[in-house]
Amino acid sequence: MKPDELRNLAQKEDELRKSYRYRINVCCSSGCMPFGALKVLSAFKDAVKESGVEEECYVARTGCIGTCSIAPAVLVEPGDYLYQNVTPEKAKEIVKEHIVNNRPVKSMLYGNEAYFKKQLRIVLRNAGKIDPLRIEDYIAVGGYYALLKALTRMTPEGVIEEVALSGLKGRGGAGFLTGLKWRYVARATGSPKYVIANLDEGDPGVFANRTLAEADPHAIIEGMTIAAYAVGASKGYIYVRSEYPLAVETLKKAIEAAKSMGLLGEKIFETAFSFDIELRLGAGAFVAGEETAILASIEGRRAMPRPRPPYPAQSGLWGKPTLINNVETLANIPVILLKGSEWFSSIGTKNCTGTKCFSLTGKVNNPGLIEVPMGITLREVVFEIGGGVPPGRRFKAVQVGGPSGGFLPEQLLDLPIDYESLTKAGAIMGSGGIVVLDDTSCMVDTAKFFTEFCVDESCGKCTPCRAGLYKLYKILDGFTQGEGDIQDLDKVEDLCEFIKEASLCGLGQTAPNPTLTTLKYFRDEYVSHIVEKKCPAGKCFKDGGGAGS
Amino acid sequence: MSKTVELTIDGKKVAAKEGDNILKVARENNIYIPALCYLEGVSSLGGCRVCVVEIRGSPKVFASCVTPVAEGMEVITDSERLRRYRKWAIELLLAERPHVCSVCVANGNCELQQLATELGVDHLRVDRKWTNYELDLTHERFAYDPNRCILCTRCIRVCDEVEGVHAIDLMLRGKNSKVIFDLDDKWGFAESCTSCGKCSAVCPVGALYVKGKPLSEVKKKELVSFVMSRRSEKTIG
Amino acid sequence: MPDGVQQTGLKTDRRLTLLEAAIKKHQYRKDALLEILHIAQELYGYLDKDLLTHISKLLRLPPSHVYGVATFYNLFKLKKPGAHVVTVCMGTACYVKGAEEIVSAIERDFNVKRGGTTPDGKLSLFVTRCIGACAMAPNTIVDGETIGKATPDEVLKKIRAVVGVEKVEAR
Amino acid sequence: MAKVRLATVWLSGCSGCHMSFLDQDEKLLELAGEIELVYSPIADVKNFPENVDITLVEGAVGNEEQLELLKRIRKNTKILVALGDCAVNGNVTALRNSLNNSVEEVLKKAYVENATLKQNTPTHVPRLLKKALALNEAVKVDFYVPGCPPSANLINYVLNELLEGRTPALEGRFKYG
């Protein structure tokens, strides 16, 4: 593709978009699909045809709008009217009233403005507003312009500098400065170099990356291609969980579309830069998201992490310099290049710029996929965006960071969300899960649940994680059945310290967090289980023994 | 030519080849660091975590078998914390499968047993797991008891890197991991196995052994050095 | 097929042709093992030892390596699954909202353990970590159809309708 | 000065640890000056007494009677010492724990399959526990003396340290098996 062709196509698409008075975006992401989104989509198409408004109204199949609690969700533009729990029957009425008679159906609208008020959508800028399967849709909203800019008007070092100045940190969890990582790979000797986009989001209850891939795959591809240009890579892999069939399908089609348009492949935009992307499927291993394990998995081996150094930047795939970024990190890149690092670094906090996507789930009134500026407090997320816990229930704890994130109590809710504050409190940013618990959840049982998850997902290479976590699980399981005595709590803390400090990779190093934080902030619940043989939440002691509440 | 770096281990100044790991350098200088999965001559795993050390300036601990030396590095091989961690590592390995020394072929020649003595692991604070893997006696010369395996993968590495066969690997993962021959076949029917015996020679415990002989007679240590000398011949040749 | 590769116990059929074509397309590259295992499972439904032996020979990988990889990843099935498959999501959101009760109810009523298949081969029960429909938790997938916000009774009813049996008595 | 009240107990074990205790030979005479043996398989005392200073327990906890006894021992003893591998970690006694239906399988093997006369499992004896337990799986244990059996020297060392009011340092001194 020539630079002019991109501009022409964008203009043409923009005009086409503007020629419609209405645009109906039907969310067909994994969250809405199981609840009949495709039927709703075809109902809208039929209704538009039957009503004879085809020329005025465009019906689009889009990715996630973000309000998963009202699935299937439908967004009508202009005006961003959001309809909830849409059925084929409702679709008919919406077309009749809203499109034909220009009277939005108030009774079907999602009236929750607070849900969006504190959100800021950078990564999810296009989610729910474009058809992920049409590359033209992405180009119409300015897609691939950043790549054009990078390839034709910036040096690789210039790109790295811009990303470094933006202060962007890796969104996969560890929060390493992206610009710095790119620089390491750019300076490493060895050829070829590789870029890996990490979409192995295996955390239970986390679906931000998947949603991104389903809603805006080209943002990932564009960010990845820019990264490749910056570090001098010629080949890229997107490593995606095979449990995400829709994301896999969407990415596959997006890569094909980009190739057929010449946005991937040889001599992109008639420059000397060539880059190709291949999709690699995971097969059900949480640990494969760890950056050395992902290398093993792409090389067709057991996804067992290895010690670092050497870092993948020096010795990655097949021993070659390799850049590994989370897909959310990559999706930020095009915007940073187009709007500038200064704009980006003005968002969030001084040390932690930009936004973060979270899957907000658990005992919260408005679960869904949210994107918020860094530095927002947990209280704002849980109570304003999330709408608090269900009526009649009391907030108990919030877990941030996936299965190995810590649990934070009420008194820490004013903690700002950034890497440093969370780590200090015993939680982690992780890949972006926020799970809210109310007074019906038992903290001992919950710690046990997450420990069990990590036991199942441990690769088994190192002793602390393989054998230590299992013993930790057994002890916690004992507590929920009335076993153990109070001195066991010291033993648990000592064992947790060993696992945390001596494990080989991040999985083991963070796995004790749920136990350690619940011990720290909810110790009374442990004491109650062990001494009084009672579960305050009434969850444990199912098989006889002391009764619950 | 590789560069030489200078570092201190427990205050003692030593010179080392750049790229070598701390454990190897310590041993060359007669400084003892307990270790279990490490085996000189094959690649390091960094799995057992017995060989952890501290490096001044870092709050973390490092597995010395996989941490390369660096100029000016100050390594500490013994501290209250390190002893506590090493004890946990041994304790967890002992509790992971039913290690019963009194009826084990390796009794008296077992590295796990020896480390338990040395580190004072005189009891277990966690419940033991009494696994019941089937004893594999199908090979005419060797035997394999998975109930005694500590998953150090020495056998896997020596079979792959020294014998060049890779008849052994791990199946499953995490706590369910198990050392297998071919497709979890019985040893005697594993077609890839060349019956060279290196795996049983390097097994630090009594999981892989030569039938009919107590390990004290096999003189394990000598066999190990035999294996390693073969390796160097191979590399040179 | 490259020279010297022995046929194993696999029947020469369309599936084998497709599998071998896929391996060829990947140029017999060892690092394509995961891709090949995905394809093989799609074609055969599960990965038995003959199939794995054949793949190991074609890719010139040690059998123990192939077996190690196939058993490392949860998604690869080494045993034949049941005629009907029920998968209960055990992601955090579903767990918090009672997925465990659903699994226990199925285990009890159909005499099947998680990860296993009923003795008559009619029903397999799996648990999975997060299918991503967290807002509709707890979720159960019965033969590909997702049931959101489900109670154990609703799920049991659905399974009975699909499998066509009332209950499997414990032996 | 009053003598230290010592007890030794034999639970599910082979009595090898007691043999090793006796192997202290002439050192036993030295000990005799300082201790009073208040309960032991080698002394004819029916009930476990109160106010015991040190109790050495050999063997794992195999049946309900032993569990009861151990609890009484704990209650009546200041310093409880697990003597030998069976008491420390179950050892051979606990090998039966690896069998799936531990108790039934063990009894069947011993009293039915391998019996020539009266092939049935005994009923008028204390019931076996589901799993044989190391002492610290049932009660709090103060000191551990591993070995199968622990050497007479080690037993002597530990006893002397305890008599002197010191904590025995086991590192490098003992050997499992």
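Should a chain be cited, it is by its letter among A, B, C and D, assigned in written order, with residues numbered from 1 in that chain.
Throughout what follows, contacts are C-beta pairs under 8 Å (C-beta built on N, C-alpha and C of every residue); 3 or more make two chains touch, one makes a residue touch a chain.
All values derive from a computational prediction rather than experimental measurement.
Trainee: If you tally the C-beta contacts for B-D and for B-C, which one comes out higher?
Mentor: Higher C-beta contact count between the two pairs: B-D.
Trainee: If you average the CA atoms of subunit B and of subunit D, how far apart do the two points sit, in angstrom?
Mentor: Each chain reduced to its C-alpha mean, subunit B and subunit D end up 33 Å apart.
Trainee: As a quick test, compute the distance in whole Å between the mean CA positions of subunit B and subunit C.
Mentor: The computed centroid separation for subunit B versus subunit C comes out at 35 Å.
Trainee: Can you work out the whole-Å distance between the CA centroids of subunit C and subunit D?
Mentor: 50
Trainee: Quick one: subunit A and subunit D, Cα centre-to-centre, how many Å?
Mentor: Each chain's C-alpha centroid was found; their separation is 57 Å.
Trainee: Name the residues of subunit C that each touch 2 or more other chains.
Mentor: Residues 65, 68, 72.
Trainee: Check each residue of subunit D and list the ones that touch at least two other chains.
Mentor: Expected reply: no residues.
Trainee: Scan subunit B for residues touching two or more other chains and write them down.
Mentor: Residue numbers touching two or more other chains: 125, 127, 170, 172-173.
Trainee: Can you name every pair of chains that touch?
Mentor: In this structure, the chains touch in these pairs: A-B, A-C, B-C, B-D.
Trainee: Spell out the residues on subunit B that touch subunit A in their complex, using ranges where they run on.
Mentor: That would be residues 45-50, 52, 60-61, 63, 66-68, 84-85, 88-89, 92-93, 95-96, 125-127, 129, 151, 170, 172-177 of subunit B.
Trainee: Spell out the part of subunit D that touches subunit B in their complex, as residue ranges.
Mentor: Touching subunit B: residues 82, 85, 88-92, 94-95, 97-100, 131, 134, 136-137, 141, 144-146, 148, 169-177 of subunit D.
Trainee: So in the complex, which bits of subunit B are touching subunit C?
Mentor: So the residues of subunit B in touch with subunit C come to 165-173, 180-184, 191-192.
Trainee: Can you list the subunit B residues touching subunit D in their complex?
Mentor: Per the stated touch rule, the residues are 94, 98-104, 107-108, 113, 116-120, 122-125, 127-128, 130-132, 147.
Trainee: Quick check: in the complex, which residue numbers of subunit A touch subunit B?
Mentor: Interface residues on subunit A, with respect to subunit B: 285, 302, 306-307, 309, 455-464, 466-468, 470-471, 474-475, 491, 494-495, 498, 501-504.
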